[in-house]
Amino acid sequence: MVQLPWLLLLLPLATAALIHFALGGSGRLAAWTGTASAFGMLGLSVSLLVGATAEASPFVWLETGMFHPDLEQAITLSLKTDRLALSMMLVVTIVGALVHLFSLTYMAEDKARPRYYAGLSLFLFSMTGIVLAGNLFMMFIFWELVGLSSYLLIGHWFTKKSAAEASKKAFLTNRIGDFGFLVGILLIWGAFGTVDFNALERRVDLGNLPLTGGLLTAGILCLFAGAVGKSAQFPLHVWLPDAMEGPTPVSALIHAATMVAAGVYMLVRISFLIALDPTAAMTIAWIGGGTALLAALLATQQDDIKRVLAYSTLSQLGYMVMAVGLLASQAAYFHLFTHAFFKALLFLGAGAVIYCCHHEQNIWKMGGLAKRMPLTFATFAIGTACLIAVPYVTSGFYSKEAILDSAYAASRPLFWIAAFVALLTAFYMTRLVVVAFLGKARSQYARDAVEAPTPMAFALTCLTLLSIVGGFRFFAEAILPRGFYPTFDSPHHNFVMAVSIICLLAGVVASFLLYRGREKDPLHITPLRRGLYIDDLYTGLIRLFQDGAAAVAAAFDRHILNGFFLGGTAALTQAVGSVFRRMQPGSLHFYLVLAALGIMLLIWATSTV
Amino acid sequence: MTLEHYLIAAGILFCTGLFGMIVRRNILVIFMCLELILASATLTLVAFSRFRLTSGLPDIDAQMLVFFVITVAAAEVAVGLAIIVSLYRSTQSVHMEDLHTLKG
Amino acid sequence: MDSILFYLFALVMIAFGFGVVMNRNPVTSAMCLVGCFLGVAALFIMLDAFFIGVVQIAVYAGAVIVLFVFILMLLDIAGEKRREFPIHAIAIGLIVAVIVGGQIAMVAGSLDDVGGKFPPIDKAAAVEARVERGNNPDSTINTILTDPKKPSYPDVHIIGEALFTRYPLHLQIVAVLLTVGAVGVVVLSKKRLE
Amino acid sequence: MPIVLILLVFLPLAAAALIGLRAPARATSLGTAIVMVFLVAALNHYFDRESPSMQFASSLTVMENPGIALAFGIDGMSLVMLLLSVLVLFAALWMIDPLADNARLQYAGSLLIAGGAIGAFASTDLFFFFAFHELALIPTFLLIGMCGRGSNARSAAWRITLYLGLGSLILLVGLLALHHALGQPGFSITELHARAMADPIAPETQSWIALLLIIGFGSLVSLVPLHSWAAPAYAAAPTPVAMLHAGVLKKFGLYGLLRVAVPMLPEGMREWAGLLLVLLLLNIIYMGLVTIACKRLDTMFGCSSVMHMGYLFLAVAALSLTGPDNTLAYRGAILLMFAHGVSIALLFALADRIESRTGTLEIARLSGLGRAMPSLGFLFGIAAFASIGLPGLANFAGELLVFLSGFHGFRPSEGLQPLQWATILAVWGVVISAVYMLRAYRTAFMGDPDASRRHDVLTTEEKLPLAALAGALVVVGFFPNLLLQYLPF
């Protein structure tokens, strides 16, 4: 009897292989196969959620040959299908299916469609691997595979120089994060002897932790480094805005809903570990808060519609990481759950706009699209509402409130940062909507923009429904694990509510007044436009330390090691050789004299004895 | 006459041979001086053989050695001269200055 | 009496030796070589090594010098006089010769029992030693040794016996050497056909 | 059944001789390669997974009192090495251009190198273990010298031969010292091992013998200070030699360390493990940086193979420090040797195809190959991501095991030991290798193809060896237990 979780995991892999090897020729066939498999996965995950038998026997991947009782005999791929995993699977498959649907038209005339759909299926395979992973090894394996698929998808149009650079940058930054993640896993494995989540949880509940103090913090922060790399948190956030070089549906699937959420998902998975060490938790919280603030500030000054949304994703992820750091991982996961839907909606909306404006991404060249693309405008507006957390109606409100509650309870400075970020979010989203959709069309493309075709429209409407419904108790409780839906019973709830509504209104009004009927951006803060020059700092650092050090090492290797040692010894032997050469002048007499000298020496030596 | 006389005579002969080899330029004369040196060596051998009697008679093994030295020297002269001939044919001269192709 | 003979022959030998070295004309130096070898042979005879003396004359004086002269005539190099002896060569040669000569003389002098006369040949002791070693008493050598008429000892017989009892292998090797030498000479001096 | 092993060892040598005697070069060598594949398959089939002792053993005594015998026998480790040698030989022979004027020499040379390597891996006698390796060095020298590429092929040939010759000399001294220190029980490895277990050598002698072996084997495997022969030689070497030497012959040093040095000189190796840790970090970090600065693809692959040796030395250091029960290190080293051998061979083969098409291997002058030759791009992608250590491909399993072996026996109470710090720094090598490999992939394969260069697509006949190697990487990547099943411990 086929085990459903394994089928769920291996279906996308099989599709990717089928498309690559068999359907390389026809784009259409590849597109339909990819979409079919995505909807198949959706069906599977829904059936698993509603209670189909979810047992999955572990697959022994690598025998370590250890025969100690307490050491793991082998590295196994065991699937963990608790409600957390299944709810995340639902999110992944819903967004995945809709993105496939959306791409049918968006990528219709792309020449390399088989490679695109193979990449999407490979991504779904790796993402499922992370979600269903039962131990840290398996999670690490699929962690890197997700990095690979994002590399392939960002670099889909690899003939474009910027896309090639962006994909390389994404992979390398992720790789740095994976380095930290692997070191963390090694520490945990070395100390606990196992990396299986259930076993770890049991060991933690037992109490006597083998890993304590500095090493525990180091271990947790190393694991967090993996999340920083994948969810683009502060030090390693530079790759996400550039990742917008990939096709928009890819950005919707990967860089909004699923892949970047994997980091948060992993943090939620190991939240019982984070709870052990307050210092580590606080650092995580502050990094999350910092990223949220930084990204929100940067978003206010972006002109490319996709970059605005990218920075907004960064800031929302910052929120979630902050929540995990404040030991409110339920709130973080709930926000992840709702955010996935409305951010995917916004991205697909942006995709529809770009598709209809002939790949025009600069919002200052759009304008007046509300009249020409009413449905897209409506769905985009609802998505924005969720993002800026319009109270009671949108899902975003409920999840953000939960985070703000926990922030207020845990640490006041972080709460005020979070509130200010909420204000900024409202500000830049309203700016986006006002500039892109309201007012007059600013370019020819914008004037003759036409409503999105039906498959796109269908995807947008589905996501809109989900973004609204996602926040309500009846829907969320059915999907989320028990206790993950916020109860809002904390004493300071009303105060927090009031603060968030004020920030919301302030942000919207300010942005509306500032940007209504403008031809170009009144505010022009260059540091914000250049991402606070962090990117340039990194390139400088890389050029100095890596390439500089490489040049020095190469020079050292060529001249000192090869030149001096080898060259030197060669020259030495040459010199010694030539000394002996002079001993043979060629004249017989010289040899005779030498022979005579030899005789003399011989006689002298023997006679004196 | 004592052994010492014979040894000194052989020594003088050896030195003249050596002197000749170093001084003379003509390769054939050098070759002759070589023969001189060989003769002095055999003289010493025979002198010692006569001096050290084994069971009453001069030491026969020494004379055997001389006998073989002489035969080998004969063969050596033959081959040496053949080489000199072919050398002469290639370089048209027997003087030492022209023969330094085996320079190191 | 024999001391005069020794000095005579030694003088002949050394004089002709110098002759070989000093003469400009290689042919005359070849002739001096013959004289030198005759002196050496005479000294051999004085040392009771009759067979070796005769062989010396036959092989050296007879064959080797003839070869030299033959080559000299063949290559017609007798007349060359164009190159004087370079002074520095004479100097080095003299110095080396004198030093080596001095060393040899010193060594000869320092041998402890060299000063004494040559011990006389004791034929009787030789016969006992041979009988002891198991030679049959009435072999020709024993008869000559015991025969009072014969003044000296049967040098040729003893060499013959030694040669064919103790050194048969060496003899074969020398034979091979000589044949190879001969063939080598022919090959070397064959005129290149190309 | 031992006849199968003996055949496997002498078949390539016989084929080389046949080619020498004017037999049709390509047919004989490819035929031999295919027969060898079947032979290895037979070995694999009849291999008894449980028994740790040498199997298919056969021995022909050559000399009595020092006890030298032409003895063959394989256990799990050597069987994996044989698999590697046969696979890489098969691919290398396909890469030779039959129309090249020195093709015959290349065929014979490659067969000799492979024969030498297989002989070394299969022999259980220390003397022949060493002798077969030396046999394999000679054709390497000849091939690099005579049909090498590039301007300084001749000097590179001299450099590699003198360097490895000197290294082998030091190694020979070490081996003889070891044999002497164990009371000269004869050269059979099992006998030496038993003797070393029975009455171990005094620690001081162990330490200097271990040093000799480390230097000897180290120079054969390009441990950092002794590595300067590797990159120029591989850049200048004709493709089959580069594939066989980097892929197979270079593993001889590691195989030797694991087979001879670690089990027989425990205290000696532990004493030098500290030095080994420093050197292997130089291998990874220093050589990593040097690789980043490489301008040509083939020198880059040469340097990267030197860098990856760092991981293998980490396994050896872990073994020496934590003792033989660290099975992670054994399995990691063996798996990584196989994976690195196949991936480096594939990389050199691809470099050869690129050079045969575009005429140059200067990374800066290549561009847009991915668009022009999609299948080459796909295969290069697999090889590049394998050598970076991407999960799903063979190198990752090996590297993961090696890193885990670094943390084996890690007691948090004692804090991080030097071995743990070295492992953490070694893991950074994963990022460095990603940097240089992706830069090369980005410049060479992305962007627009340069119209002036020839870009005709790979023919199926060319794809066969490349696909075989890439397939091996993927299969071992997904199911590493296929290789690990041979190791009982």
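Letters A, B, C and D mark the chains as written, and numbering starts fresh at 1 in each.
We adopt the following convention: a residue touches a chain if its C-beta (ideal position, glycine included) is under 8 Å from a C-beta of that chain, and two chains touch if they have at least 3 such contacts.
Remember, predicted model here, so these are calculated numbers, not experimental data.
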{"item": "Chain whose average C-alpha position is farthest from subunit B's own", "value": "A"}
{"item": "Of A-D and B-C, whichever chain pair has more C-beta contact pairs", "value": "B-C"}
{"item": "CA centroid of subunit B to CA centroid of subunit D, Å", "value": "63"}
{"item": "Intercentroid distance (Cα basis), subunit D paired with subunit A, Å", "value": "36"}
{"item": "Centre-of-Cα separation between subunit C and subunit B, whole angstrom", "value": "9"}
{"item": "Chain centre separation in whole Å, for subunit C relative to subunit A (CA means)", "value": "103"}
{"item": "Subunit C: positions in contact with at least two other chains", "value": "89, 92, 96, 100, 104"}
{"item": "Sites on subunit A at which at least two other chains make contact", "value": "589, 593, 596"}
{"item": "Touch relationships between chains, expressed as pairs", "value": "A-B, A-C, A-D, B-C"}
{"item": "Subunit C - residues contacting subunit B, complex", "value": "2-3, 6, 10, 13-14, 17-18, 20-21, 26, 29-30, 33, 36-37, 40, 43-44, 46-49, 51-52, 55-56, 59-60, 63-64, 67-68, 71-72, 74-75, 77, 80, 83, 85-86, 89-90, 92-94, 96-98, 100-101, 104-105, 108-109, 111, 114-119, 121-126, 129-130, 153, 158-159, 162-163, 166-167, 170, 174, 177-178, 180-182, 184-185, 188-189, 191"}
{"item": "Contact set on subunit C toward subunit A in their complex", "value": "89, 92, 96, 99-100, 103-104, 106-107, 110"}
{"item": "Subunit D contact footprint on subunit A (complex, rising order)", "value": "60-66, 75, 137, 140-142, 144-145, 148, 155, 158-159, 161, 164-165, 167-168, 171-172, 175-176, 178-179, 182-183, 186-187, 189-191, 210-212, 215, 546-547, 549-554, 557, 561-562, 565-566"}
{"item": "For the subunit A and subunit B complex, residues of the former touching the latter", "value": "580-589, 592-593, 596"}
{"item": "Subunit B to subunit A touching residues, read off their complex", "value": "18, 21-22, 27, 30, 96-97, 99-104"}
